[in-house]
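Chain lettering (A, B, C, D and E) follows the sequence in which the chains are written, and residue indices restart at 1 in each chain.
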């Protein structure tokens, strides 16, 4: 196996006295999608945010997070992102007061050419609604904008938190397709609850439980083995296959 | 879909629910601390203890008692204001108006209309409460910063009216000394300062009791809900407007009562108390103490007033004079020191004075059991 | 101890006499306060012939800052009285004087109000005296500028509030009473733009404009009156403020007729010389006399009264003495301080204005009407 | 007729002054979400620095080009203080609005006291070019030149700020940062710089207001900023928080209303009318006349 | 039970909700689907009164409620959850639910009673928490809950009010796969026998199919179809506009 693009070792996060992550270690392969699974509240979002350096003020982070030879801890978020770490947050976080076009323009990074054609090809809606204020977009439209925003740039790694949450089935399929294509060129660390999407995209899987890593390995294998899915994710594989 | 919010006032930092406060030995002592404090306050006028640097004279001297009385009125005032700000999340910039209504109301009714004190007090408190209800009814049609500014606007009108001195009622910028012939003998004169002290203490106790009682009541729970998400409260089937109006009126009434007491303590009214700075200082007191906490606002109010009065003496003290000019000049400006204290307070005890106790407890805990995991 | 107990006021004939001075050391009136205390110390030195003692008894001063806030002043007064002070002096601001006066009466201590100019202090109560001038005396001085007021048109320009009210009322009584028609233009004390008021004044075409304006916006007000041509179209009278403010009159300075409570050079007598010698910088200013006179009154009160406040009061009532301003008399009926007042002119320009006396009025000429003692 | 012209032009001068104070306040208030009660301090610093420079700085003076240098120095000083305040005091407190209130209130108290400790409580004469003391005759009305100068300055500042917000990337960053700082960071932008910039702009505008306002008043005193601040706040709120254009409209409304009511009504009514206007606007349109948050 | 007549909401020229006629029978479970931006959440906002309709009427049990403020509609038995969780962040989970119970039991002003002493309220709140499986988180501050937990709390708040008509806006969004069946169970148990009606927006088709008696399809603000699940799923327009190619 080649060098991982991201390696997390012994990551602990405490937020106002609560020990949320307790020594999480995993790696992200340099190609394809690595999916982070686990039930509500195990700390998936917390993990992603610790990686991009967005742990809240009251929190403490210990352990190591490396991208190649470079340690990510203690570097400010905007540096990390400029260095090619794209992040799509769980609750979309589009700028409600700005127009769609302005939201995109904001995501441009200095020194690179923004790939508007790529974004508009994936989400023609964004082109059409360029002048609408993002706050008045529907949930799904906002999600498209949030994903479109990071795709404007070339990244070394994407962190995407539940991109299909609240999307219509048709859009879920579309987003999945987009992510699939994105993953061809950039590695992705994906948090996702929709197992159909996971099945379609994921190469590797990391399952969290009770603040620790419960399982790592091949994602497809995980989904195929009824016993494993049942014990780790609490669902029978029938449901995985719809 | 994300709602685009109108500029909202951020809710003040939340109080930790009582279930979460740390237990242990400290936890067992804590409920009794207020009683201890009350006992100290009750015995204080009988003590000849001299605390050099803290008070000018012995504890039972009129000067000390007077200062403490003023401090306690503001402790109560801050606690009442916290009912609005810390517990309901309403940022009013016009609270000084009801306090001023209390002070001027009493003063005018006693001095100009010649009413006996108890009648004047009764009319004033009723009037102040009605005033709060009327203004609240209008102002509460807005939310957030807009609400803050509408209340400020009403208070400003109050300030202008006082300054204009219509019919010589308010005495304009010179203020209106209280005519003590209508006031019971026991509340007049330096030797009776202690009675004013009792009065202030009683006011403080009443306010604290009312605020605790109300915030622990079913209505108090609704108010806490309003602080977090007003729209949600509406969808649960409660009328946010009505609850906010009740809180606003109640706080206004408490402030007016404080005004009555203050008028007696200071022996008159002066336009200082109508200024928007007073409301702002109420806010500072609450934040200094810890909004939405049980004792924070009271402590904040007492400390603020204490500093406000004592820094004047500090600035004039020899210790300050002895410093080189670039230090002694600013330090002899009481407002400079007061301002600097606010700023330092924010950085050294965020969350207000009230957050000190639990944090000290935490600190002690972590010292005893080094880095215990969970 | 018990709460009702207060420190007793001595009685020991060699114990120092405690005098409390409650005035503005900080806040907006800090520079008035500074002059007051300098004047007081010079006056004490003068009246005790450099010993700071009255008989065998040293005079012990306690200075407290009220920052211009009546609440703080009341606290301070109560504290001082509680500690056995029988004499309180000071009060830079009118609001402070009015609120401290009743405290003095309630506790039967002597109170000598300072620069506070409000007429309300006069006749406030038996225990309250004043060491400065009052608004009424200003107005009487203003009247001296127009000769015979009969048939003349006078406009008062004053800020809202008690200070303005008092001035307007005094002008109506003094100048209006002598036959002039008096009208007024009032502006909020917080106003920053004065064009509307200047226009109103101009439209009224008065023979005399009396301006009663205090505070930091005064320079802007004068400039506007000047720019709109008010100053050249009529006689404008106002009170001359402290020296530091003179440059702020700018070009308007030489066009105004000033009534003055005091300025350096207005008098030259023994007290003046003593004051000049003792005051840092050697130049007297508006409120130095108020402090100086207060000290003279304090010494007189102690000499005659010892520790007995009633005796102090009797000793001061009707007392006549030579002070920095000249001959002063404390009127027995209402404790008004009858004192000379001055007409002055500013000449020069920019930073270098000098004031010169045009005329001085005696204490009797400027005496306010007697008011009934209220308490 | 000439009274009306006079009142209108001087009213606009007053409006210009309010606008200069309010524009910075509005930016900082609406965009950086900081209720900056210390804004009056920046004003005071600008005024005192100009005053100091005119007397002490080589090349600067009270007239002609020297005066321009002095004002430039004042604006620079105001900007610098604003930047320092942001870096040292406000930066650790973003998203903790209430604590910011405490700090800025503390700062306004301490700052004014510091000015007073250094230069005394009394007003000082302000150096200013002879021209600003004169009046210009406009259709029979003697309009003070100081007021005209304020109007010109306000129009220039308005144009500059609008250009900045609408057409520069920083403008975009600032508008986005108001809503969600964290997310701006997550797009690879150092949002802290943008906020420092907002303070710098606010500080510069306030300092300019301080310098030109002192020219108009003829004096400088420590409390000057504070008394203007309350009307500036009213202007900001009527205009709609964060909307610079709204502030401009509101300033004109407030300035003219005050001027005319003070002339035709009784004294004090002007202020009450302004306050009434505020209440009415807010009750009808709680978001202010410009209506939206974070628009240029 | 609940009916909308020509309900329309325009912003400027655009109709976000376009002349919607809906009828909800007592005890009926109506699923609402539609592409993102179709106007589902907006429809909910109109029905609960957070937005005022520009045209049309809403009736509950024949009573016209179009002009009532949100809280009055809630009193009449209309409860909802929000698409973006909206819970009282600074209150504990338990206090959140108690507040909801108290609101339901008569929200008149009680300034002097001790809230904690009301055992009935406490018991009802605990029962609601138990039902959504949040009992163990009772003391946590609601603001610190993970996303999925907040969804559950939303439902508990709704439950506490015992509404006759429930409007659920994407209750499953962000709920982990493991918990979906459990939550479906909860929702089903709310409706089954009680005669309660439900209007639910959801993008999880399997959940909709499992629960809904009828499905309404919204598209560009208008009601495209409202019929049994089978018919709707077979509708080619729906297939194309909403479902797309299934994964």
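In this text, a contact is a pair of C-beta atoms (placed from the backbone, for glycine too) under 8 Å apart; a residue touches a chain by one contact, two chains touch by 3 or more.
Keep in mind that this is a model prediction, so the values were computed, not measured.
Visitor: Count how many hops through touching chains it takes, at the least, to reach chain C starting from chain A.
Guide: So the least number of steps between the two chains is 2.
Visitor: Could you pull out the chain whose C-alpha mean position is farthest off from that of chain A?
Guide: C
Visitor: Could you work out which chain's C-alpha centre is the most distant one from the centre of chain D?
Guide: E
Visitor: Round to the nearest whole Å and give the separation of the Cα centres of chain A and chain B.
Guide: 48
Visitor: How many angstrom lie between the centres of chain C and chain D, each centre taken as the mean Cα position?
Guide: About 37 Å separates the centre of chain C from that of chain D.
Visitor: State, to the nearest whole Å, the distance from the C-alpha centre of chain C to the C-alpha centre of chain E.
Guide: That gives a centre separation of 74 Å.
Visitor: So the centre of each chain is just the mean of its C-alpha atoms; given that, what is the distance between chain A and chain E in Å?
Guide: So the centroids are 29 Å from each other.
Visitor: Which chain C residues touch at least two other chains?
Guide: Chain C, residues with two or more chain partners: 26, 160, 188.
Visitor: Note the residues in chain E that touch 2 or more other chains, in rising order.
Guide: 41, 83-84
Visitor: Which residues of chain D are in contact with two or more other chains?
Guide: Residues 113, 116, 268, 271, 293 of chain D touch two or more partner chains.
Visitor: Would you mind writing out the residues of chain E in touch with chain A in their complex?
Guide: Spelled out, the residues of chain E in touch with chain A are 11, 33-38, 41, 83-84, 144-149, 151, 170, 173-179, 203, 205-206, 241-247.
Visitor: Flag every residue of chain D that touches chain A in the complex, lowest number first.
Guide: 169, 172-173, 175-176, 178-180, 182-191, 292-295
Visitor: How about chain D: which of its residues touch chain B in the complex?
Guide: For chain D paired with chain B, touching residues are 30, 37, 89, 92-93, 95-99, 101-103, 105-114, 116-118, 230, 233-234, 237, 241-242, 268, 271-272, 275-276, 278-279, 282-283, 286-288, 293.
Visitor: Could you list, by residue number, the parts of chain D that touch chain C in their complex?
Guide: Touch list, chain D to chain C: 3, 6-7, 10-11, 13-14, 17, 113, 116, 120-125, 133-135, 142, 144, 216-219, 221, 223-224, 227-228, 258-260, 262-263, 266-268, 270-271.
Visitor: Looking at the complex, which residues from chain B come into contact with chain C?
Guide: 45-48, 56-58, 60-67, 70, 160, 163-165, 168, 171-180, 188-194, 197, 266-268, 270-272, 309, 312-313, 315-316, 332-335
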